[in-house]
């Protein structure tokens, strides 16, 4: 996790204003998908294999609304709802690891009413069957029933860290079956350009490979293998 | 795990008689689902995030038939089958952690013939494709092919512990996509009342939230946030 | 992992010739499925619960083409493609644990063009949605976006170890919803015989159990339970 | 975890009266050590390999004072101090997994002033260097700096579950380099007798083995090996 | 991990100039210890329970020299050595999880020659016996022999993330038996003041507690417990 | 795990004859230590970070006597004792993961009477305090009290796999604070030569580094860094 860090010590704040990327970038990056965007921006921004898609089939892009909570306490998620708007994705971190089921169908109902596209949770989610019926996609570290309290303060729309990646409010979140990637808001347009280029190149490559051309030849890797000392032999 | 604990040391027993809850409570709690029941009885009884649904879509309630086995040995599961009856759920614990595939389609065939509704396994299950076709739902810590022996004694219908929860034979098991919750048999009727109340309240709340009302207002959390020292600010 | 081990130290080789089992054995063992084959050959060859099916519904058998890579580096997978042929399954190990997404849709396109039936990866895979659409099944330790480099040499078609099982090039790989089992190439015909016998026995047993006969009686386990000191009691 | 479970839902209580075992049993079981006591009472009561000794050399026995806390919140430990007396061991469980450093030198100072012999913590401890200097031994799941809040109620001296073992207040805790074992208070005298017998037998066995006699001969295992189908061969 | 993130994509850089905190602050924070500093700055900066002390007895403070490496590749650590000076602590992160033994006695010899006080490694270290003899303390996620290559570029003195904490070059690292805490360089003086205050308060509290006063009375927690609904009862 | 694999299915055998390496090689490789030997033979043979030294200070080399056990069952360890002789190290694998305390002081007494130098256990050990007093070093995946049964057959002196490394009876085991490395018996002399060369080179390098020379200069890595695209900059 991260959060506020003024020399006056941690403050607990709910920040109302969030600078968001262009809606076109949100949609475009969402369509490109997590793996493509991760590669396009230089193999950065991936939240790791443990933040997994919990409902099949979703692929979304949106603006991060961030929450920093105390483990086992979801009061700050309730506090975050009114800062959400159409095209947002709620991103919840904790000050220490938590396996609780911090999010369920009621919070999802609230968020859907505001146009939120999905949830990224560094803890557990529950009501999976209901979330599936509602069509509200979630990415989380756990699926868990474990209930929470509403006792300890945290913050909304401060920087948070999940899976080694710092996420600022307004950063673009791209999430699909491969997991979740965060793109700094200021890099959104550039990231979309790079992703589009990459998709075009992959399309060209795919045609060649489907036709039976070899990647080691198309990409010049055969010489690189030899240069690294790899020997081609018929048998050992 | 737990099991028998008389000062004469551990005995290996198969207990035939099990006191079960009212069938209506089994069905009602099953319909309410794991998360609702867990909350309704005071955030208790959840077996944890690692005992996961291995087949999609199931939501069941039933009476626990408990098995305490030696890791990597499934002879006691065979011994438990004849103590099962319509409406039961088989619950298998081990005296130490096990990753073995202790249960598969043949045992499921036997259990289905007796009206058993599903399996909760603190180890692995296998024959997942076949179990899916048969419609026999399983919750387990692992999916695993690893075969077992039939060499070491254990017990049937003694108290067991899974995921920090003590389960007595006859306790009500509620299992769905969110995991597994155990309710003491003596609390079944009360738990159903509480769950029904909770479902009614949630239904009312859902309507308000879907209409755009905010949880912080409906539930009076805004003042609590302020009391805890959370500040609303426009920007940091 | 394993690999070449001549006293001259590790060599990096791409071995072209692989002795494969009879196509009929590949298909037959694939149909029998991982759990059945694992049991049939004496509870051996299972790669463990962490190498999991990442796409639903697949059940395949094929010949192992093996890759030993440096973690986070997929150049050797590219080097392996041209050694693959119809009926093969690509098996990728690493010299140390890796969570990277070492395989995606482009490599899958290449492999499908050569008739490869699937992938077993002791690391992560990505492009899961695309692999699902293509119908190219994968078994892996992780799903991960994390991109790789192409910098360090490894080997193709040397013995590798995954999950405690040594896999030689040409060994038969059987993979389904229960995980992955490897059968030494020389044992393929014998393994198919044993698996067929086992399937026939299970079919007979299944009929009895579905009719309500008890496994403890059919298999003579009741006496064994008593011999081990298990007592039948009405209550504790 | 476990705790209170009346049909009125969870209550938060601090229970003052605890029935403790005879001081002689506490000391005797402590001297016997965790592995011996675990075996002596029928391979029960072991809290598992993850609850590890965090300071070298300690071996203690004492009466459990139990705490059930919310993760990341140590207010109930403070509430438990005054229920402790000479010969006790504090045992802290949580309602869900916690990695927090819930205990440090100040609480240890308080407990030492009351004659408490050590701590068993199903979470983290901190101030390890200071605890070592003070000579206050701790067994815990983690070592962690992570600070806690004092916001959510729990209970003191209710049954708790750690590592699959139910611990009632007053149960005997035995802890050493091998981990922690709990003995029901009512079984303390019997457990001490059984442990003493076992120690005597082990002493006799140790002399024989040190003199070169073989366990397979002394314990009659050679025939058992043959009965199980093990063959002695000179080479494969 | 983190690293450079210009819209031009990742660059691989070795940054020579690092702004460091006052040497007095390094020493003072080192003496205060990880847990005290973590609390003093508002429960921030802790790298988590998995980054553990691998040699007994050390407690150090120093300035972070940061390295971002490819997993299984230690060339960037070699590249970092010449940017180190007296009072520094080397901090190594990876672009993805790594279990390799990325650091041993030769690198330690180089660092000691430059006055470096210790190592924080988000991977493995080896030559533990030799490091212990040399008196060069290490904190790491693993102890591991696994050798590395020198093939892929990374960066030196860019921001890195370990255990959810962002560390900038020059930040103050405090490490002892409880783990590792990072303090932003700009907050060093303030953190030292806060830590000193806290140590003084703890000293006063320690005297009271050692004399038998109760924390619930000294800190006014008894009323808080009652306010939270905790009941004092003689027995359940 | 591995074991016998004849097409007749698994046999359970105790193999009496083991070909061992020259005693001088055992001692020399032991002195060189695990990390040096692992590097010397081409970064092979390391059993991984989870097989850890459980007693401080030991560094040994010896010949592997291998055991393949059923999890939670130590009868085969008893069966292995008489195949051990002076200079051996007992290596125990399981057919599936086990956390049991499969080894303690009585077995150690037997082994010490036969000149065995230590134990490598892919499960738990117990009686740690006693083993420490006896001076019998152990490397294991867990420390655990959990008792075992003596019910299921396995094998002695068949090939086993631990941590991805195949160990044949008679292979040289090198173990110290960094973990465990296995060297094929046939490579022992070569491995000793290579290790000695490496130690000599390291000694020379150590002197240069201690005198302040830089590894990037001594080893020519500075140019390699530049070739890989790493830029030296004063600040970002």
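Going by the order they are written in, the chains are A, B, C, D, E and F; count residues from 1 in each one.
The criterion applied here is as follows: contacts are C-beta pairs under 8 Å (C-beta built on N, C-alpha and C of every residue); 3 or more make two chains touch, one makes a residue touch a chain.
Everything numeric here is computed off the predicted structure, so don't read it as measured data.
Colleague: Looking at chain D with chain F, do both copies bring the same residues to the contact (over half shared) or different ones?
Modeller: different
Colleague: Could you work out which pair in D-E, A-E or A-D copies the interface of C-E, where over half of the contact pairs coincide by residue number?
Modeller: Looking at which residue pairs coincide with C-E, the repeat is A-D.
Colleague: Distance-wise, how many Å sit between the C-alpha centres of chain A and chain C, to the nearest whole number?
Modeller: 31
Colleague: So the centre of each chain is just the mean of its C-alpha atoms; given that, what is the distance between chain C and chain F in Å?
Modeller: That pair's centroid distance is 27 Å.
Colleague: Compute the distance, rounded to whole Å, between the mean C-alpha positions of chain B and chain E.
Modeller: Going by mean C-alpha positions, chain B sits 41 Å from chain E.
Colleague: Could you list which residues of chain A touch at least two other chains?
Modeller: Residue numbers touching two or more other chains: 43, 95, 99, 146, 151-152.
Colleague: How do the chains pair up in terms of touching? List each pair.
Modeller: A-B, A-C, A-D, A-E, B-C, B-D, B-F, C-E, C-F, D-E, D-F, E-F
Colleague: Which chain E residues qualify as touching chain F in the complex?
Modeller: Checking each residue of chain E against chain F gives 4, 11-17, 75-76, 78-79, 81-82, 99, 101, 104-107, 109-110, 112-114, 124, 126-129, 132, 142-147, 150, 152-155, 158.
Colleague: Quick check on the complex: what are the chain F residues that touch chain E?
Modeller: Interface residues on chain F, with respect to chain E: 33-35, 38-39, 43, 46, 48-49, 52, 57, 59, 176-179, 181, 202, 205-206, 209-212, 214-216, 219, 221-222, 224-225, 228-236.
Colleague: Considering the complex alone, what residue numbers of chain C touch chain E?
Modeller: Residues of chain C touching chain E: 70-73, 95-100, 146, 149, 151-152.
Colleague: Enumerate the contact residues on chain A facing chain E in the complex.
Modeller: 1-3, 5, 7, 9-10, 41-44, 93, 95, 161-162, 164-166, 184, 186-187, 190, 194
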